[in-house]
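Encoded as structure tokens, here's the structure I'll be asking about.
The chains carry the letters A, B, C and D, assigned in the order they are written, with residues numbered from 1 in each.
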Amino acid sequence: MSFNSEELLHCREVEAMCERVCAANCRLPELGLVTLTWGNVAEVNRDLGVIVIKPSGVPYETMKPSDMVVTTLDGNVLGEHSLRPSSDLPTDVVLFREFPQINAITHTHSVQGAAWAQAGRDVPVYGTTHADNFYGPIPCTRDLTQQEVEEAYEENTGKVIVETFRTRNIDPVATPGVLVRNHGTFSWGNTPMKSVEVGKVIETVCDMAERTEDLMGRVRPSAGEQPFEPIPQYYLDKHYFRKHGAHAYYGQPGDAH
Amino acid sequence: MSFNSEELLHCREVEAMCERVCAANCRLPELGLVTLTWGNVAEVNRDLGVIVIKPSGVPYETMKPSDMVVTTLDGNVLGEHSLRPSSDLPTDVVLFREFPQINAITHTHSVQGAAWAQAGRDVPVYGTTHADNFYGPIPCTRDLTQQEVEEAYEENTGKVIVETFRTRNIDPVATPGVLVRNHGTFSWGNTPMKSVEVGKVIETVCDMAERTEDLMGRVRPSAGEQPFEPIPQYYLDKHYFRKHGAHAYYGQPGDAH
Amino acid sequence: MSFNSEELLHCREVEAMCERVCAANCRLPELGLVTLTWGNVAEVNRDLGVIVIKPSGVPYETMKPSDMVVTTLDGNVLGEHSLRPSSDLPTDVVLFREFPQINAITHTHSVQGAAWAQAGRDVPVYGTTHADNFYGPIPCTRDLTQQEVEEAYEENTGKVIVETFRTRNIDPVATPGVLVRNHGTFSWGNTPMKSVEVGKVIETVCDMAERTEDLMGRVRPSAGEQPFEPIPQYYLDKHYFRKHGAHAYYGQPGDAH
Amino acid sequence: MSFNSEELLHCREVEAMCERVCAANCRLPELGLVTLTWGNVAEVNRDLGVIVIKPSGVPYETMKPSDMVVTTLDGNVLGEHSLRPSSDLPTDVVLFREFPQINAITHTHSVQGAAWAQAGRDVPVYGTTHADNFYGPIPCTRDLTQQEVEEAYEENTGKVIVETFRTRNIDPVATPGVLVRNHGTFSWGNTPMKSVEVGKVIETVCDMAERTEDLMGRVRPSAGEQPFEPIPQYYLDKHYFRKHGAHAYYGQPGDAH
């Protein structure tokens, strides 16, 4: 398809994207995932060649669909009177390009997720809440180097996420989110609202995991042993696959998982 | 009694069950017990031969009594146009069959309960809030084996709960809930709302207990001693029996305890 | 003064007490101090010879002033159609008799307070939030003996509170609350609402103190030292007396402190 | 400019200050930063020679702009019928005099901030949420001496804050807040609302930092090592300067940062 900017901005599908992206952004404070304006949601339509994203630094309470920023797949803003897009846009550009299976991305500084990211730790699979949603640990990226930070920080944040998944052979569909070291969470899915819900999953699972280790640690018989043990692999298989894939039986037929 | 499916679905008592079960499910997010759709409530009527349960994966905000799923005591769905029942139904089927004293069950992944379940620990009786509601520790089941998980996971979850109570000689009336290892909480009572309230009790008691151990541990004189001490048995007797049984004097006469 | 029961129940001052006690009870869930129905407020009028208290086990949402229970100073219920009073009434009877300076009492199982009570620890004065409201640690009582629990549990709860204050020479005006070991908090003041606010103070101070020790403990240079240090006495003097007594300069002139 | 008291109190700019200060005070409970009445916001206008501050001990729910207290730059109250100003006014007087770059100050006893203040610890820069808002650790002052507390407590609280910034060569614009040892937080900015938002930043960053150390500490290989490591300096530079200064690219052009 080929449109000029003005046509794109006012076509029905882009307006629908703006509505979905705005609604998903507004869900962030309702789910307790953001402080002040620290979080944003974006959606891509690769056929139309557009990304829709929250404007930078704008409060959720007064945000309207028409405030959403529409850009090309390279992150160039369309429309003369646009607000400035979220500063995390270049990260999303990389993820939308490298992970063709995902259509929407949420980024937050939610407290529990940020704490694990700041500690630089993967979140182990300690229970079925985790296993229902992530087929393996929630990975934490490495630090960016000084050069990576100084040259193209946001773009390199996307690249270090992709590197984490490729190097460790992780499937971004089965592991729909990541902790960016020192920073916060990125989560994704088919729709903006689904990516927000995965953000909520990460927050909840991080909270449970911190408490689990605390409770395990108090009765640990000796320091020499494996301190914190994840659940058996067969639990992970069972819980993940009862909600995902061809044999899923959780939710209603036709639900997107 | 004997009814055909259509009669059962529209009889007055089943409609009343649907209303109670829907209202109890809607109470879960109000009490902070659920994230997203992770929790459900069911009620049984053994005379009518029906179980009423939340549909799987449906959000609480828009749920109506007519969305509740009605099944036989074996868990077979009645009615052609029914939504799919919660995937935890086979667990409830076992519990309703093996614990004839209980009429309603709540299952959640509430954060504090899940943390103790993930740590695989019984919750000791550290105070009177616990003793008011549970006559002994809140037990945590063993892990299911690989075979148990793979063959009939949800049914075996019910069976491991029953095994926990039988093996350890625990009365499911005096101990109206359990932590399923790696997973979350099940709680029960005479009515759907009562089973939800017990879920809230578990969550609160788990939170208090985690903090109690934290505060106790800091002033523990030496590692060789018993680290965390439960309350004296006579406290447990006093608090439990002032709220339960023939000599209860808490609440109003005629209250169900 | 001398009234018969019916006159007392309908005199203007008792009706005003019922309104204040009901309003203060309803404030408990708003301030996050109660779970389900676990908390109550009472007020005494020694001239009229009455105590007004929450009915036992009744939810806050639907409570009306006319549901409040009116009793004599000995705790005998007035009025034929009264609901049953809170089971904590005999504790309040003792406190109102032994502490003539206080007019209202709040009892809760608030989570942070209960955790310190379950750990059996006084709350040290770690900061000015504490010092603004309590002139010294928040004391924790001893365990009741088996005999004390079995013979007259609630009355003996009052007695052990009084014993704590007398034995340790604590002034119940300068220390307007206590942790009852294994149980929860009692707080008091001139009015029902003030006693609720002190309950909120205890909850907040307990939360801050748990975190303070956590943060102090991580940088403690050696286990041999005094682990957790309270604030200097001159801070306690300054903060307490700028809010209380003849030289108070916090709040508006005429405020009750 | 030169006005008499009555003219000042009713001039348009002072009325606008009262509205801003009242609105910012009312934001404190909405953001979870205050318990009861423990927090206040003030604004200065150095040209007019006035400070506007919350009245002492007044609840936020019923506060009106006309309740705000207007004082001179020395803290002398203007207007005969004024309420008494917040007892923290003398601290603000010092800060407004010594830090000419700031126009508004928020003081709270928010729980996480108070815990770090009570522990007497600077908050290290553990992640980008911190770096986005503070160019370095959030400093914690020393204890006041007995003499400082007894002679002019609130004024000396201001002086010890100034001392902390001067002695340690900290820029109060790049570090827009402080923990006052044993006490709580002070934060500042160009406007009353901005100073409240910085208060929320401190609370969130303190929460994240406590959890980060908890999670780091569990996997620390040996006690001999540096226990808790802050983020690399180049992260701090990048995040702080993408939001602040001439090269900022976060938010919308013209936003005050």
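Methods note: a residue touches a chain if its C-beta (ideal position, glycine included) is under 8 Å from a C-beta of that chain, and two chains touch if they have at least 3 such contacts.
The UniProt protein names, listed by chain, are A, B, C, D = L-ribulose-5-phosphate 4-epimerase.
Please read these numbers as outputs of a predicted model, since none were measured by experiment.
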Residue numbers at the chain C-chain D interface: does the shared fraction exceed half, giving same, or fall under half, giving different? different
Give me the C-alpha superposition rotation for chain A onto chain D, in degrees, nearest 5. 90
Averaging C-alpha coordinates per chain, one finds the centres of chain C and chain D separated by a number of Å equal to 33
Between chain A and chain C, what distance separates the C-alpha centroids? Give it in angstrom. 46
Touching at least 2 other chains, the residues of chain A are 214
How do the chains pair up in terms of touching? List each pair. A-B, A-D, B-C, C-D
Would you pull the chain A residues touching chain D in the complex into a rising list? 35-36, 38, 55-58, 83-84, 87, 109, 111-112, 114-121, 143-144, 146, 149-150, 153, 182-184, 210, 213-214, 217, 227-228
Considering only the defined contacts, which chain B positions touch chain C in the complex? 126-129, 132, 197, 200-201, 204, 207-209, 211-212, 214-216, 218-219, 231-232, 234-235, 238, 242, 249-253, 255
